[in-house]
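Multiple structures are listed underneath, in structure tokens.
Shared chain: chain A. Partners: chain B in the first complex, chain C in the second.
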Partner chain A sequence: MTQQELTAYIQSSFEGKLTLLDTGRAEPMFEVRPDDLLEVARRLRDDLQLKFDYLCNMGASDTRERLEVVYSIASTTRRLRMDFKLVLGYENPAVESVTPVWPAANWYEREMNELFGIEVKDHPDMRPLLLPEDWDQGYPMLKNWDAPDFVRMPEL
Partner chain B sequence: MGLIKKVPVYTESIPGGALVATSLEAVLNFGRAKSLWYLLFGTACCAIELMCTGASRYDFDRLGMMFRASPRQADLIIAAGTITKKMGPRLRKLYDQMAEPRYVIAMGGCTIKGGPFYYDSYSVEKGIDHIVPVDIYVPGCPPRPESLLEGCLHLQEKVRRQKLSEWQEK
Partner chain C sequence: MPELRTEEFQINMGPHHPSTHGVCRLLLTMDGEKVVEAVPYVGYLHRAIEKICENRTYHMCIPILDRFEYVTSMSCNYVFSLAAEKLARIEVPERAEYLRVIMLELNRIASHLIFVGTTAMDLGALTPFLYGLRERELIMDLFEMTCGQRLTYNYIRIGGVSRDIPPQFVPKCREAVRIIGGKLADYEGILNENPIWLARMKGIGYADPQQAIAWGVSGPVLRASGVKYDLRRDDPYSIYDKFNFDVAVRWNGDNYDRFLVRIDEIRQSLKIISQALDGLPEGETRAKVKARFKPPAGEVYVRIENSRGEMGVYLVSDGSEKPVRVKTRGGSYNQLQFLPEIVRGRGYLIADLVAIFATFDVIMPEVDR
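Moving on, here comes the complex of A and B:
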């Protein structure tokens, strides 16, 4: 399956739950609504044409207008790659956990929860991962984050 | 050189040999300065230079510096590498476990003032001198082995100048 065939297949068989974004990259990037995430993830993994069985990478980003959660997945048997992302607002951001679908998401979701404050629903093991145990200074990866000893790079 | 001074001794020849008189302080300081065992504490890229200094080309052992894997056997922490805010309390705990007198060398920019992580970093401690008292600062990113050796020679000089009465207070 080529990239064009993959894009066409996903657009035809996911009832509009994955919308193609124009990124100018070779691999397709889709957007998914937060409510559809778990169902779409399961179908991407279990569809016999796709079999996306490998979560390469996932993470969140703060664009100053919204939060985005990006998932990069690959199929080891069908030799496919694709990305999809979902968009969240700053008010109580929350996503479903995809750890039941791809166990690799476990630590990524813990990190995301800790650094961005994105709540991950139904995560099996939501303990702090990276920050000190007594951390109480909020979510440091948000762009508007600040702390008493945080020094911003001066404008040059 | 002139950096390492000799132990002050008074010698007097007697039949069949010589009589040597010196101060207890000088002898103890001589022994301490020549056997600074350091704790293995490499947390980032400075540790590579520390390993290089310990290996055969630069040869730390000739200064009497042997690495120890336990803080209870070490006299010196060479803090080699970035100390994050999570690592800070661990560093303090290791320092507290060492027997006195104990010394700290801050190796590299990160341990001195946060180094390249001074700006825009939420996780890096801006200098280890507000966690543990630092004796010698060795600047560089990372410092070359020559710099570290120079720092250790300066520390030896500092140890040699110690007074017996100061040991309790340190």
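Moving on, here comes the complex of A and C:
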């Protein structure tokens, strides 16, 4: 399956669940609604044409307007790769855990929780990962995070 | 006579334990001498590299990312440059691509040589460590004559490489390829008849292929379980489709196969380097890239085959001079979160755990970032 065929296939069989975004990137990016996440993830993994059995990477980003969570997945048997993301607001952001579909998400979700303050529902083991156990200075990867000894680079 | 009572107890292995290759704490639940459960605690080397990168220009990110996975800095340089080039749609000159492949493969060999040495040292054999570092020195010399650095290279830049190779590089590199190729049999010879080595390696630490894929394990660890998945072949980047090489694969999924697969990979990398040296074209080594580099707004995830598995960067640009988000992904991260699954309930000894940790080739700065 080529990249165009993959995009067309996803657009037709995931209609209404995965929307193609035009973000001017080399590869297509889809958007999923937070409520549909688990169902879409499961179907992407189990679809016999796709078999997305491998989670390459997932992580949040703060664009200053909203929070985004991006999932990059691949298929080890079908040689396919795709990305999709979901958009969250700053008020009590929360996503479903995808660990039942891809166990690899376990640490990525722990990391996302402590660095961005995104709640992960039904995660099997939500402990801090990278930050010290007694960390109390908020969520450091948010753009408005600040600390007394944090020096921003001057505008160029 | 009172009845003997036994119970499980917990013990910390690390953070400062010589076999954890950095600073990693494994909380072990023990039943006598047997490991029941191993839970990794990480973060001791967390330097907030991703946050630092958001606060720098694109060019300034590359030397920071050198420290992301310092055993193969070339890959860190390369994966970030590749992401930035994809965003800005930069065409890289052909000579630069050849030089990049040569450097990436030399770095892969250097990393695998360290793997052979440290794994043997963790199991009590010191000689292979000296052998491995002796051959690695040839590669370090090549890097030093090219970019002046021996560990954090900052050589591969957005649009190409920082400078052309010196004239003596090609003959020296051919000589290094010849010497390393001839020494590989020595490593296998000294280790594969060592009963202690074999007892800790054969049949220990079996990784089930389906489970490994689900946990995001990649690279030599996955290929030792019989999954023929190599991004150089399956998701080709740079000019790897021009070279003739085999994907090293082994089938037993134990410590021993993880060692053999890496020795095979060194042979394949030597093959790629020889072909790249033969085909090395003349020409420019860097596309024109502005000092005030501003890629158009967009986002991209790129991934390459590093010596520890898939290395990736998710890069978000808003059209300004600084990236909005640099999310790095390294093979060690997934290998380490998979470790408890391999150990749980199999009744391994701590010495077996040391061998499993070593053959996973986990490097902590890549996990903690």
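Some notes on this structure:
The working rule: the second predicted complex is superposed on the first by the 151 of 156 C-alpha atoms of A that agree within 3 Å, B and C clash if a C-alpha of one lies under 4 Å from a C-alpha of the other, contacts with A are read in each partner's own complex, and residues count from 1 in each chain.
We adopt the following convention: a contact is a pair of C-beta atoms (placed from the backbone, for glycine too) under 8 Å apart; a residue touches a chain by one contact, two chains touch by 3 or more.
Please read all numbers here as calculations on a predicted model, not as lab measurements.
Model built by superposing both complexes on chain A: chain B and chain C fit together without a clash.
Using the contact criterion defined above for the overlaid structures, shared-chain residue A:57 touches chain C, although it does not reach chain B.
In the superposed model, A:149 makes contact with chain B only, not with chain C. Working from the superposition on chain A, the chain A vertex angle toward chain B and chain C, CA centres, sits at 40° in steps of 10. In the superposed model, A:140 makes contact with both chain B and chain C. After overlaying the two complexes on the shared chain, residue contacts for A:102 are found with chain C alone; chain B is out of touch.
More residues of chain A lie in contact with C than with the other chain of the pair chain B and chain C. When the shared chain is aligned, no partner comes close enough to touch A:34: not chain B, not chain C. Once both complexes are placed on a shared chain A, the shortest Cα to Cα gap between chain B and chain C comes to 5 Å. Where the contact sets of chain A with chain B and with chain C meet, they give residues 130-132, 140, 152-153.
Per the touch definition, chain B reaches chain A in the complex via residues 85-86, 89, 118-123, 126. Within the complex, the chain A residues that touch chain B are 130-132, 137, 140, 145, 147, 149-154.
Looking at the complex, you find that chain C touches chain A at residues 42-43, 46, 48, 50-51, 55-57, 86-87, 89, 213-216, 218, 227, 229, 234-235, 292, 296-301, 303, 310, 312, 314, 316, 318, 321-322, 324-325, 327, 329, 333-334, 337, 368-369. Touching chain C in their complex are the following residues of chain A: 23-27, 29, 53-57, 59, 61-64, 70, 72, 74, 76, 79, 81, 83, 102-104, 106-107, 128-132, 140-141, 152-153, 156.
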